[in-house]
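You will see two complexes here that share chain A, one where it goes with chain B and one where it goes with chain C.
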Partner chain A sequence: MNHTILYVIGAVLYIVGAPFLGCLMDGVERKLSARMQGRIGPPVLQPWYDFIKLLNKQVVTVDRAQFFILMSYLVLMVMSGAMFFSGNDLLMTFFVLSTTGTFLYFAAIVPSSPYSSMAASRELIQEVCYEPAVLLLSVGFYLATGTFNARAVFTQNTSLVMFLPGFLAAYLFAMIIKLRISPFDVSTSHHAHQELVQGVTTEMGARNLALFKLAEWYEMVFLYGVVAIFILNSSPVSILAAVLVDLAVFFCFVLIDNTNARVKWENMLGLSWAVTGLCSGVNLLILMMIR
Partner chain B sequence: MGKVKKSPWLLHYDGSSCNGCDIEVLATLTPVYDAERFGVVNTGDPLQADILMITGGINQQNAPVVKQLYDQMPRPKVVVAVGTCACSGGVFRECYNMLGGADSTIPIDIYVPGCAARPESIMDGIMKAVELFQKRSDEHDRYEKEHKGEAGPVDPNINTARDKVRMKEMKGAADV
Partner chain C sequence: MPVTVFLILFPLIWAFVIFAIRDNKVRGIAAYIGSGTIIAAVGVLFVQWLINGRVPIKMFYDTETADHFILTGEIVLMLVVTYLCFKYHKYWISILSIVPTLMLAYFELAGPELHKIPHVYIDHLSMLMCLIVGIIGGMIIVYAVGYMDGYAHHHPEFEDRRNYFLGLLFFFLSAMFGFVMSESLLWIDLFWETTSVCSFLLIGYTRTDEAVHNSFRALWMNLAGGVALAVGIIYFGYQSHTVAFHDLIDLSTQMHMAYCVLPVALIAFAALTKAAQYPFSTWLIGAMVAPTPSSALLHSATMVKAGIYVLLRLAPAMAGTLTGTMITFIGGFTFFVASIIAIGQSDGKRVLAFSTISNLGLMVACAGVGAPETVWAGVLLMIFHAVSKSLLFQDVGATENAIGSRDIEDMHGLLYRLPRLATFMFIGIAGMFLAPFGMLISKWSALRAAVDESNILLVLFIVFGSATTSFYWTKWMGKLISRSHETGDRLKDITKRNEVVSLTVHAALMILLCILVPFISKVYVDPLLIEMFGKYEDVLPMGVLYTMIVVIAFVFLVPIFSYFIGRKMRANVKLTYMSGINTGDNTMFVDSLGEPKRLWLSNYYFRSFIHPHQLRIFSQILTTAVLLVMMSMIIGGAL
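Right after this comes the complex of A and B.
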């Protein structure tokens, strides 16, 4: 009973706090990138200023349906995150997450603009790339803990990373694709130096773009949260360890973003499946053997 | 409402420039000048841009393009002409295909002189544009507040066909 309340608190904290945390992470990322390039960089709160600005702009929409679809995208994203942070079924959570990807695809394809449509199909390819790693992760999780419930990590004596190092590697790789970090920012880039500049957000302006950003912040917090389940165990010290690991991963991702150029989607597909197959596959085999 | 001036997103359009000014515009984004510290983002998308930055003069071929880019930008918006060419046509002014500076086609708010315009003066132009951007946003909000429920404010620089239709409708409504 006591625990149920804790899980509800987890979900509520996520719904309320994730936008702020995500926004802050976004700001720190931009600042860190700038420092890596020898620039001063924007203020840490810059994404927040951008968000406010976007809400103040005149709404010009190519297709009215886009707002509704983006709204569904946001709601589903919040839902999957809340399901995860309340310690629910991991498999179900990831299924909802895949659905959000499809909504983003629809949001990009309804205005039928050539650039947006191209980015939309690339977004689908990105989904094909990261999906296996994410779904296999729940299988590995089940084999290691005997349940799909994410809250099971708190009853483990050792961190899951001991059993699932391959899954962690594959998941981190998938995360680079999911967060659209170069070299895998095939569908949308945050920087204006790629052949398909604004990608899926080409036809999103003002309010719609703000919605997209908000969903991105929710997504970011959720994805970094999933990293934590590899580290967390029954001892409270593991919480600190999980935070530190998340920070390290965050830093590495910014570094990767700044040192790589975009790859072709064919390479992304091949590479991601190879990494998933190798890391997750071998890990899965070993897990099944020792069980 | 809100401090929109902290987040100016630029759209850079290269008219018929010699590319001298374009290189200077890009130079403002490099570590030496780092325009991003003021929140400037060089977006390639008119739908997301706040400030239109034009380099080079306008000729027969790019006039419709510039006009369309301007129309596609949501309000409030500010236009900056960078370099002598964009201000007046510059050295290309007398060419047979030239219409003149950027103001021959769309309304310009800020003129940044120089051939090529120095990054410092471009930054200065951006900062001026940012102030204007905030002012327009405030005006827009005030209007919205005073005229709640009515049709939106009509920009004196009306260009889109839709705006013209709306203007006619509003006139018609006033006549009745």
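Right after this comes the complex of A and C.
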């Protein structure tokens, strides 16, 4: 019973805290990026100021339907994250995450705008790229712990990364795609150099863009949280280790973002499937053999 | 007369009644009465079965006369097939009908003395099939009456044989009822061949060269499966002196009789042809030349489901055997490859056809693994697939009548042009694959079972196939909801009233199924598993169940709720971004010569690296090789 409360607290903490944490990460990322490029960069809280400003702007939209689709996108994103942080079924969580992605696709394609529609199709391709990796991650998790429940990590004696290094590699690769980090920022980019103007966000203005940003923060916290399940185990020290690993991953991603040029989506598809198939596949084979 | 017999005989007699009626109006009414009667009869059978505490109905132990009729039926079928093969100069195909029929005739007349068995046996699985065949099949006939009137009107180049077409549909349903209710493998064989011939006649309806060619391809593939079935039955009969389907399963799962290996493998092989798995998938693609109602029938309630039904029944006997491994591989491979090919298709009916093959592959793989979890997944998939595919085929057919095309590219903005049809289509697609509905929960269970069985190939097939499946469905849904790049005016919805009735019933069924999954699983599929495996296993943990209910609530409520908020909100509606060269609305832009040009948006089809033809040839060679090698191993091991 005690544990149930802990899991509820986990979900509530995520729902309340993720926007702030995500926003902070976003700000730090921009600052870090700027320093890597030799600029001073915006204040760390700049994303928050932007967000508040967007919320208060006059509502300008191309298609009214976009609002309710984006709203669904946001709520489902919060929900899949909350499912994860309450230690729910991992495979189910990732299935819901896929549905969440579908709503973003709908939001981008509904106005029939050329830039937005192109980017929407690319967003869909990005889903095809990362989905196998996250589904395989749950499979590996199940093999290592005997359950799909994420909470099982707290009863493990050793960190899962010992059994699942290939899955972690594939997941990190998929995460680059999911977070739209260069070289895989084909559907929309955080930088100003996207050839599709602003990709899926082209037709999102004011409140709609704010919704999108908010969902992105939730997503970011969720995805970094998934990295932690590779590290966490029954010992409390592992929590510190998980935070450190997440920070390291965060730094590496910013570095990758700044040092790579965007690839064509064909290359992204081929690469991601090859990495997933090789890393996860080989890891899966070994796990099944030693079982 | 017992309801079971009525369900076989009534559609059979009604088929001839329909065929004989020349007046279109009268025939239409007769078809409604017929399909209403069938649905009512299925309802009566279901209620009777429920009242009796859902114990299996076993009937007809003594069937001297009926057996003669069955034998006569086989011979008549053989004669019909032979006649048609000679008429169209496809002489060799007739051998595939003559040989098994003569073998079975010899077996029945001069074979071993057989044990007394019930000839009709209705358990949970058969009852489920009866419901699918009766309700979906009945509604498809209602749809067909309206559709074929339009078809005859739009296609004056084909001879108007509506009476023949509608009669065949009834004939088909009769065969399907017989197929799923029969316990005697000899009876099953007759109904099996009847469905093969029915689909052959339906595919060849228009009598064009293409139709004739495709229909004969369907015929020889299915008859080849029939040969394997006949050999399996006869071998089993000689070894065990019984031809009861349940005996075959019991003897191989409980007694571990070595002689059961071969018949199980042969019957499973036969089922692969019916279920249109690689390398036999081409017949189902070719079947699209026929009018839409026959596609709807072949893909949802009948024919391919017959293959799945047999495989699900065989599942316990296949668990952990070489046959199971073979079937699982073929199914998983088909699931993956057919979904890739579906990405490259823009013709709506072709996408549906490849998605059928792909989804059937997942069901076949589930049956091949033979664990309770996978059978559970397979059964649920079958239910969802039957409703969804029937709905989608009918809807694409109705859309084609209205916009004159069934290309998905032409369905751009369909939601604003034909709101009703687009909504039905959306429901059908969402119900099939979008989490948390339909396929998802089955994939969840199948994936877990595949891991438990250490079947790494199946895990990879499901994981990658799941991504490609989402891709082709989602981009179709995206087309429907995009704002039109043409004028966006409402088109006249010329869907006939009976078509709308059928579509509405299907859409309602689809939504009900999505909401009631946990309930159906508890009260129906779990008992089905107990019957099949003799033990109870809670496949769906409560945690997952509650999560699903919450997700379903969100997926329904959030869009509705925010839709009403959004509608009231004041907003400044602007043009889409086109680098500042809009011409005043969202459909045109100024090109490099300064002329206004129409904006045209299109989906990705990956044509540069998905080559359906090469992929098909590769898959056929690979699966044929696998089947040959593994069948030789099974046969070699058994003899």
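The criterion applied here is as follows: the second predicted complex is superposed on the first by the 291 of 291 C-alpha atoms of A that agree within 3 Å, B and C clash if a C-alpha of one lies under 4 Å from a C-alpha of the other, contacts with A are read in each partner's own complex, and residues count from 1 in each chain.
The rule we apply is simple: a residue touches a chain if its C-beta (ideal position, glycine included) is under 8 Å from a C-beta of that chain, and two chains touch if they have at least 3 such contacts.
Just so you know, these numbers come straight off a predicted model, no measurement behind them.
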So, after the overlay on chain A, do chain B and chain C clash or fit? They fit
Check your understanding: Taking the superposition as given, does A:M79 touch the first partner, chain B, the second, chain C, both, or neither?
Key -> second
So, does A:D63 touch the first partner chain B, the second partner chain C, both, or neither? second
Between chain B and chain C, the one with more contact residues on chain A is chain C
With chain A at the vertex, the Cα centres of chain B and chain C span an angle in degrees (to nearest 10) of 110
Inquiry  = According to the stated criteria, A:D257 is in contact with first (chain B), second (chain C), both, or neither; which is it?
reply    = neither
### Query
Is A:Q46 contacted by the first partner chain B, the second partner chain C, both or neither?
first
Thinking of the overlay built on chain A, is A:A34 touched by chain B (first), by chain C (second), by both, or by neither? first
Contact-wise, after the overlay, does A:E219 reach chain B, chain C, both or neither (first, second, both, neither)? neither
Query: A:V197 contacts which: chain B (first), chain C (second), both, neither?
result: both
When the two complexes are superposed, chain B comes to within a least CA distance of chain C, in Å, of 5
Contacts of chain A common to chain B and chain C in the A-superposed view 58-60, 197, 202-203
As the complex stands, chain A meets chain C at residues 58-65, 67-69, 71-72, 75-76, 79, 83, 88-89, 91-92, 95-96, 98-99, 102, 105-106, 109-117, 120-121, 124-125, 127-129, 131-132, 135-136, 139, 142-143, 148-149, 197, 202-203, 266, 273, 277, 281, 284-285, 288, 291
So, in the complex, the side of chain B touching chain A is made of residues 1-4, 6-7, 9, 31, 34, 36-39, 41-45, 47-48, 50, 72, 74-76, 137, 140-141, 152
The chain A residues in contact with chain B across the complex are 30, 34, 37-43, 46, 49-50, 52-53, 55-60, 192, 197-198, 201-206, 209
Contacts from chain C onto chain A in the complex sit at residues 412-413, 434-436, 440, 443-444, 447-448, 451, 454, 456, 459-460, 463-464, 466-468, 470-471, 474-475, 477-478, 481-485, 541, 543-544, 547-548, 550-551, 554-555, 558-559, 562-563, 565-567, 569-579, 586, 589, 599, 601, 603-604, 608-609
